[in-house]
Amino acid sequence: MSSEKITVCRKEHFNAAHRLYRPEWSNAKNEETFGKCNNPNFHGHNYDLVVSLTGEINPVTGYLYDLKLLSDVIKEKILDRFDHKNLNLDVPEFSSLNPTAENIAVVIYDLLRKEIEPAIALRITLYETERNFVIYPSL
Amino acid sequence: MSSEKITVCRKEHFNAAHRLYRPEWSNAKNEETFGKCNNPNFHGHNYDLVVSLTGEINPVTGYLYDLKLLSDVIKEKILDRFDHKNLNLDVPEFSSLNPTAENIAVVIYDLLRKEIEPAIALRITLYETERNFVIYPSL
Amino acid sequence: MSSEKITVCRKEHFNAAHRLYRPEWSNAKNEETFGKCNNPNFHGHNYDLVVSLTGEINPVTGYLYDLKLLSDVIKEKILDRFDHKNLNLDVPEFSSLNPTAENIAVVIYDLLRKEIEPAIALRITLYETERNFVIYPSL
Amino acid sequence: MSSEKITVCRKEHFNAAHRLYRPEWSNAKNEETFGKCNNPNFHGHNYDLVVSLTGEINPVTGYLYDLKLLSDVIKEKILDRFDHKNLNLDVPEFSSLNPTAENIAVVIYDLLRKEIEPAIALRITLYETERNFVIYPSL
Amino acid sequence: MSSEKITVCRKEHFNAAHRLYRPEWSNAKNEETFGKCNNPNFHGHNYDLVVSLTGEINPVTGYLYDLKLLSDVIKEKILDRFDHKNLNLDVPEFSSLNPTAENIAVVIYDLLRKEIEPAIALRITLYETERNFVIYPSL
Amino acid sequence: MSSEKITVCRKEHFNAAHRLYRPEWSNAKNEETFGKCNNPNFHGHNYDLVVSLTGEINPVTGYLYDLKLLSDVIKEKILDRFDHKNLNLDVPEFSSLNPTAENIAVVIYDLLRKEIEPAIALRITLYETERNFVIYPSL
């Protein structure tokens, strides 16, 4: 059997509110830069999150990683902290970091990186909407 | 050609924040009734909206209703008022009405009903998430 | 076991070119009425077609209708005649009928109605795009 | 506010194995009737299940029915008994009933009908694949 | 915060007619090579287009690239020229280039490459149907 | 025209039953390792399979590879052997290999690798469910 590395992926989702802005900027500059996403009362999204792990198949189990276990890790470290939350107000990582899709993906990467053994590569794909999504690190 | 009534449908979407609660209730009762949806700092969704019109095909154009025109009506009356908004704080219809999916669908129905001639029946399908959706009036 | 009527559905698809216009109208009037859909050189779609049959479950087989058989009927009567075709030029039913989604759905209904026994009700759902679709007869 | 009945829907899924056949028939007749679905060693599907409830909006909560509660009922009565199971061998309702999509939908209807108050109408949509699905009772 | 490159993606769509053939070939050879896609009267598709940009996050805005701006660029350079068009007859790039999915993707890449600063890598994913799609340059 | 390598993809699907376990392990250890997927009577899935080929566009046809031909190869080598089958009992490759998504993807890769000329790179994406999928070789 051929034996290159394989990637396994688990898709989860969470619903959250956010607002894009920089507090030190004027309203006009925030408006110009972030448009509708700068609404002071927040708006929100159903985020779809795909977590991808790359490594070797364990020849005993046939698994790279138990996706049930991966789902539990994502639930504990990400969903329980982000789902049905206001990212700006309820999630400390964004207290001074603008919750763009790019920054949310990097924060999720950093949170999960500690939970997965170093030999396994990690990648985050985050859909803010069906039409806008980001991949970190890039392919 | 057979000639029963036909239904034409147009799908649009908007992203919004909301919170489910009754202001006159205690925190405990709101929590018990609305669970995670009662987060005081709001959460949000990508709402998918399907507007369905039922009537007769115009034999000259072959249209029941020009879907480009329907899209423009939905944009003006619904999307421009709901998209990237906080439903509780930014949309007057929900200042004293709980923005459940059920109530949002009825409000959208009432707003669009005035714009479509009475001979054409109207139905709203609103997806709060891919897994939770409502249809008004019921089939 | 409860025993109301049931509906079984089969989804197929075809790819076709079309143009919306009335030959006796001026270019200006066709443009005004049909917009981009009036491009004289045609444009096209991936049409998704759902055929729904309603009736009683056969207690011997547990089927209302064998969906493999329904798929074969749709292939012979619709897909072989519409798929990878120009609806205006290649499909006789549209030689003098504007191929709007509404009219295509009615034509498909009429073609399939002859193939399905009268005791079974028939309904056509036709997606011209993910966002524009029609249901005939209406629900 | 207009006040017709509304429908709320919850989508869940389960993965199961099944085989279509009648034990009293010959292999040849089972093969002829059920084709590939008659494989004696079973095959399987990811079933998508949509449960729809129709009734009046509770003006206090703005809910017709708490979809979190509906999800719990579906989990306890359907998913815990069907998911990752062999429908023919593991689910008593199909010990002598052919597990066609039609029959599975009726069985799910009968199981859930007892759990939902009689004033609320119930409908089941069951996707065996993206292309084959059934609706019970019919629309 | 970790700081590798990130990819942001924007999905758009257009509807177009096309025909696959080489004018200098015989009908028989075109038929043999391109099958149903060689219909002389054209057929068509709903093309889904994903444009991916790879680079560094701007630490001030939290954006790699404003997706609203990317959407405007795609609209001006691609959609306004391809949507509701006949690729063979209406789009000069295909006057002597066969509009296969592969060639359409390369043409879109070349058109957008001039609009995006050189430090940002560009990739095109083009879905001709849900089942047939291409990625350029390859991953 | 720019001329890097391109990837073309074809999506197919099959429905199959499987069970995850190691025969030499105790029931308790299989249960602990594979959870619900260890049901002795099997369960099943609708597998979605994406086959990706990477190489150069043939300047004469505009194709990297005729996707109709690729579809035929997948049908003959994979679907005819896996669809509506029990992977453990009906497919020799899994008689002593645990049919995890990872192992199924590698088996499909090895079967198709012989059919595609060596200059063309091959990659398999296999969706066991919408939420669990694998990519081989990894990106």
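For reference, chains read A, B, C, D, E and F in written order, and residue numbers begin at 1 within each chain.
The rule is short, and it goes like this: a contact is a pair of C-beta atoms (placed from the backbone, for glycine too) under 8 Å apart; a residue touches a chain by one contact, two chains touch by 3 or more.
Note that this is a predicted model, so its numbers are computed, not measured.
Counting hops only between chains that touch, subunit D reaches subunit F in a minimum of 1. Any chain bridging subunit A and subunit E, meaning touching each of them, is among F; the list is complete.
Distance from subunit C peaks, on a Cα-centroid basis, for A. Look at the CA centroids: the one farthest from the centroid of subunit D belongs to E.
Between subunit D and subunit E, the centres computed from C-alpha atoms are 41 Å apart.
Inter-chain spacing, taken between the CA centroids of subunit E and subunit F, is 27 Å. Note: centroid distance subunit C to subunit F, computed from Cα atoms, is 33 Å. Under the contact definition stated at the top, the residues of subunit F that touch 2 or more other chains are 130, 139. Counting only pairs that meet the touch rule, the chains in contact are A-B, A-E, A-F, B-C, B-D, C-D, C-E, D-F, E-F.
Contacts from subunit E toward subunit F in the complex involve residues 20, 22, 33-35, 97-103, 105-107, 109-110, 113, 130-139.
Across the complex, subunit D is touched by residues 13, 15-18, 36-37, 39, 41-46, 83-86, 89-90, 129-130 of subunit F. Subunit A meets subunit F in the complex at residues 1-12, 52, 54, 57, 60-64, 67-68, 121, 139.
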